[in-house]
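To keep things clear, I will list the structure first and then write my remarks on it.
Order as written gives the chain letters A, B and C; numbering starts at 1 within each chain.
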């Protein structure tokens, strides 16, 4: 299946694979400690000992990008995974059962979708991530969990709506009606007929959603509301923004990684969607 | 010669994934001013490709076209795209099979009819609108002023086809190509539309090339008929002559398969067994030989040429019906 | 009759969604651990404090609080903005200054994106699969996937900080000079336009290619009119419905993007205000901001549906 993809898709898959590799194996790689200050400051690319340079404080950029990949990717994968599961479940329920359930869920989806992604997650995080005392910022772990929860909530209606649409299409197809008329239990029908056909579109949208989440997380961190302290790509950007004039590499290294990852996700999601479209049209 | 259109050895081949598809094989025919020619054949016989290649609106990117098409002595195949385009609408026009897909669904009827006169004839908006109303009257649509503002969705199938005819004749073309103009319509409406086309033809002294699979359609509305099979013209004759003195076994089979009221009830309609030969494979012998009731060994091996049997009757057969050796 | 029914149904759904969204927001706001009362009262004794709370309206329960806010909202009163020294300022003042800026920026972005994407879409569709198309389409794909803020930061650095061509900070209203006004907006607008323009052009290309296959295009060509006229007058309109839908769907992303751009380039629009409200825990103001955005977004969606109905009469007969 890998061979069938065009050049861009292959590159995208390789890149994503690399990012996952960094995220998972980051600690074990023979690279400098991300938290260590080096004497060399604002070093450019390919400086000796620092593959991608250092920032104004002396942090090694490559090490930090690798460490950051863990956060950015973990947050994206977990929130999209959870969001897809819940959203998919709700979407199938809405599409299959129609009637009041469908109406209620659709209205619910639309309510959440009527607030732009960034704004919604902003508000959710703002509220959930604060501690009672306004002078003490919430702990890092708490913030990460809150971010994941907020992003999951953002993803749920997106996937819910798509899944509902696809489920509606398939529920009306002849073999489902046939199965129903033979007395097959709803649960079995869903398991055997609906889910296998809805799954491909979920995959396609999920990849695009990962791209969206990485961007949103980056934006939030840039606004100062995200993970903070330079741990994720977005917060690396925030940190670098202040020193832009003196240390541009500190900005562009995480920016490039973020941008390329988003492009790669989009490419894979697009390719999946194209395969899906061509498969369906042959039917 | 005084003919309006002279097609000589027109040959059309397509480069497809399965090989070279020989859709039209060295076809020749003439058309006089005001004459109407019916091109009859099964689906896949090449009749649509022939009509579109003659007019020149075939997408040339995958088609290889050789041969000559002369419109009042101007060689169309040698013209630049722009020059050829200038002939469309004003000298040649086409009416398509399905009026629902051939009319732009988001533009009003009036605009679509008036476009030709405005752009090609340089009419003012007002004059073009008048012309559109006049054309709608010619195609027998009631309340033309109202119809002008409607969208194709709001009209019935028959009305849409009339509109398409109005668009085609808007700039007074010398030749009208009608590609299966009635196939998408109800039977009753079919007769009306055919009648309309015939009367318009006489009114405007327009030539007509009527492409169809239905011999019944051409029976009453054409001066002469060309029967196509597997990319070749296998029989061509003035209409009356064709029906009374059928020479090709294929044509005879076609005639026999037309259901008639006079047929006995309960008797099966005769059907032509078999299928068209594969146009991507080279042809051996007569294209119809595999399905012909009268085929001999010679028919399977040698390709018959067109023979002039007198009375303007041409046929492509070694053993034409009703001709004694 | 049927049409009136449809409109009524659509309106009801709309209102439901609006109410739901704003209620949800107020609910979230209420979930805050610790109440705003703790932050905004500075009286020394309990009595004074209670009086202040009552004065500021912080003592109502959820439903009552929401309803109060709702009634005020629809009358244009966006609630109090708590000043650090005590006392309040009407949020409407802040909104009156910030919202027009953000709207203006979004308008510029849409205009620029549409102006550039339409010819690009036409060209790539007309020359589909030839070299011109392949080059442009690849660029478009890259462009559509790059996040707006990435471009903003990159362009801001190269054209602003390094080359000093465009300013990177601040907003200048038109009244203070058109030249400066536009100069300050070039970077923000360009950063947001590039991804939007790329996505529009790609969608247009797909739609035009599929429209070109239709019979009525062959019919138009057979009238003898020029290819450019066919493209503009016959092909463009049926292809544009998808574009309008995309434009409205992208509004949400555009709003989000404008918020970031606002922050990056310090433009004083809604983005900065929202961020500030979040940090300063101005929850009532925040509620109003978000509600306003949700309303605007929904209105945009309705507007685009109406526009599609005008452009393509086929959709008038379908259910909303």
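Here is the rule we go by: contacts are C-beta pairs under 8 Å (C-beta built on N, C-alpha and C of every residue); 3 or more make two chains touch, one makes a residue touch a chain.
The model shown is predicted, which means the values in this text are computed figures rather than measured ones.
Peer 1: Point out which chain occupies the most central position, where each centre is the mean of Cα atoms.
Peer 2: C
Peer 1: Among the chains, which has its CA centre at the largest distance from chain A's?
Peer 2: In terms of C-alpha centroids, the chain at the greatest distance from chain A is B.
Peer 1: Compute the distance, rounded to whole Å, between the mean C-alpha positions of chain B and chain C.
Peer 2: Taking the mean C-alpha position of each chain, the two centres sit 55 Å apart.
Peer 1: Report the inter-chain centroid distance for chain A and chain B in whole angstrom, where each centroid is the mean of the CA atoms.
Peer 2: So the centre of chain A lies 58 Å away from the centre of chain B.
Peer 1: Can you work out the whole-Å distance between the CA centroids of chain A and chain C?
Peer 2: Here the centre of chain C sits 22 Å away from the centre of chain A.
Peer 1: In the complex, go through chain B and note every residue touching chain C.
Peer 2: Its residues touching chain C are 55, 57, 85-90, 93-94, 96, 98, 101-107, 115-116, 119-120, 151, 153, 164, 167, 170-171.
Peer 1: Touching chain B in the complex: which residues of chain C?
Peer 2: So the residues of chain C in touch with chain B come to 214-216, 218-226, 229, 233-234, 237-238, 311-314, 317.
Peer 1: Inside the complex, what are the residues of chain C that reach chain A?
Peer 2: My answer: residues 13, 16-18, 20-21, 24-25, 28-29, 31-34, 39, 141-142, 144-147, 149-150, 153-154, 156-157, 161, 251-253, 255-257, 259-260, 263-264, 274-275, 278-279, 281, 283, 286, 290, 293-294, 297-298.
Peer 1: Along chain A, where are the residues that touch chain C in the complex?
Peer 2: Interface residues on chain A, with respect to chain C: 8, 107-108, 110-119, 122-124, 126-128, 130-134, 211, 215-216, 218-219, 222-225, 237, 241, 244-245, 248, 251-252, 255, 258-259, 262-263, 266-267.
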